[in-house]
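Below are structures written as structure tokens.
In what comes next, subunit A is part of two complexes: it sits with subunit B in the first one and with subunit C in the second one.
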Partner chain A sequence: MNVDLIFKIASIGILLSILHTLLDNAGKEEFAFITTLVGVVIVFGAVIGLISKLFDSIKTLFQLY
Partner chain B sequence: MIIMKFLGGLLVLISTSLIGFFYGNQYSNRLNNLVYMEQCIKMLETEIVYGAVPLPEAMLNVYKKGNKKVSFLFKEIRDHIIENKVEEVYYSFYDLRHILKNDLNFKQQDIEIILSLGRVLGTSNREDQGKNFQLILNQIIILEKEAKLERDKNEKMFKSLGVLVGLAIVIILI
Partner chain C sequence: MEIVQIVSIGIVSTILVVLLRQWNRPEFAIIISIVTGIFIISMLLDKLKFIIDTLSQLTRYTNIEYGYFTTMLKIIGIAYIVEFGAEISRDAGEDAIASKVELGGKIIIMVLAMPILLALMDLIIKILP
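On to the complex of A and B.
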């Protein structure tokens, strides 16, 4: 199990929250929203392989071929 | 290997921070230069309206007295007038607009107002020029207020944005 990924996602989350507050305070709400969205997409990109692996193992576990 | 990663991350972080820093600095530069410009124009007004000094000499005096960050413009204008013998001072001002834009971080509206000074200089009598000077100074003061608002809003944001974006890139890449 790769624990580094969890720390990476956590640090991205912290950074995104700071960026969001910063841009919100500067009066650029739409950019704050866009950065949050981009962060979510990046994190999804990092975990999508693992999610597909999970579904594959569920399929094999319950023999749903 | 870990040293290479660390070094690369550091390089990315430094470069994005510098980009953010320079981008944010533009705003305070514009405000400072507008203030210096206002002082220079006030000096020029005094030279022309109260001292009745000929324009090239007045420009040289302004260059000597003013803050050199901005007042070098007046020396350039003076040299341009003396070298080229253009029929209007406006052309000498017009020649400098790339300096105004690139070196002094002025925006288009600031440049237009400074250029409008060139249209006024040496075209009519002293009272009329004095009134025009007042108008231009008023406009510059309004621009200063606007530049101050913009600086307060954007400078800090761009500076911290540079650092944070660098951090984000490093974290994503590692």
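On to the complex of A and C.
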């Protein structure tokens, strides 16, 4: 369990926010949308494993099979 | 001191969530709140295991049927999972999905509790002349 993941996600979010603003101002709205989508997919891919691990440990703890 | 750790994780992630909401990134705010919840619950799982072990030992001392204890444990686990999921949806402003998740939890808990209800009814019928 390392708390670094929270900071990593926050920094990806801030970076994407800046990128979004830049691309919007450059008149490339479609690329701005795609960067947001890719960022969400990457971050969610990192998080989904954690969610499944948490649910597995709750399942074994409370004997929910 | 685990409590200091938990509270500081909560404060830091709250600040990050507020920052991201301010900068029009609510999706990352939600993901950060999910990750924070996962971290805090995983920190507490060891303590929870200790509590459950103690409770199961207490159940073994008395001569209550052990199946009832397992059912109770399952109900508590379902309640925790449902709470986790529903709170995430409610945080994101989706009250309808949150109440559906809670409805699912309630119904599954009801199904699990049915055998206990039947046992209680049997007992009442046996006591009545």
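For the reader, a short list of remarks on this structure follows.
The criterion applied here is as follows: the second predicted complex is superposed on the first by the 65 of 65 C-alpha atoms of A that agree within 3 Å, B and C clash if a C-alpha of one lies under 4 Å from a C-alpha of the other, contacts with A are read in each partner's own complex, and residues count from 1 in each chain.
FYI, a residue touches a chain if its C-beta (ideal position, glycine included) is under 8 Å from a C-beta of that chain, and two chains touch if they have at least 3 such contacts.
On a predicted model such as this, the values are computed, not experimentally measured, just so you know.
When the two complexes are overlaid on subunit A, subunit B and subunit C sit side by side with no clash.
After overlaying the two complexes on the shared chain, residue contacts for A:F55 are found with subunit C alone; subunit B is out of touch.
Judged by the touch definition given at the top, the superposed model places A:I34 against neither subunit B nor subunit C. Contacts of A:L64 after superposition: subunit C is touched, whereas subunit B is not reached. With both structures placed on the common chain, the touch criterion links A:I42 to subunit B but leaves subunit C unconnected.
In the superposed model, A:L19 lies in contact with subunit B only, and not with subunit C.
Comparing subunit B with subunit C, the partner in contact with more residues of subunit A is C. With subunit A as vertex, the superposed Cα centres of subunit B and subunit C define an angle of 170 degrees, given in steps of 10.
Residue contacts after overlaying the shared chain place A:V3 against subunit C, while subunit B stays out of touching range. The gap separating subunit B from subunit C in the superposed three-chain model is 15 Å, by closest C-alpha atoms. Subunit A residues 12, 16, 39 lie at the interface with subunit B in one structure and with subunit C in the other. For subunit A in complex with subunit C, the touching residues are 1, 3, 5-7, 9-10, 12-14, 16-17, 36, 39-40, 43-44, 47, 50-51, 54-55, 57-59, 61-64.
The touching residues of subunit B, counted against subunit A in their complex, run 153-154, 156-157, 160-161, 164-165, 167-168, 171-172, 174. By the touch criterion stated above, subunit A contacts subunit B in their complex at residues 8, 11-12, 15-16, 18-19, 22-23, 25-28, 39, 42. Here subunit C touches subunit A in the complex through residues 9, 12-13, 16, 19-20, 23-25, 27-29, 31-32, 34-36, 38-39, 41-43, 45, 48-49, 52, 70, 73-74, 76-78, 80-81, going by the rule given at the top.
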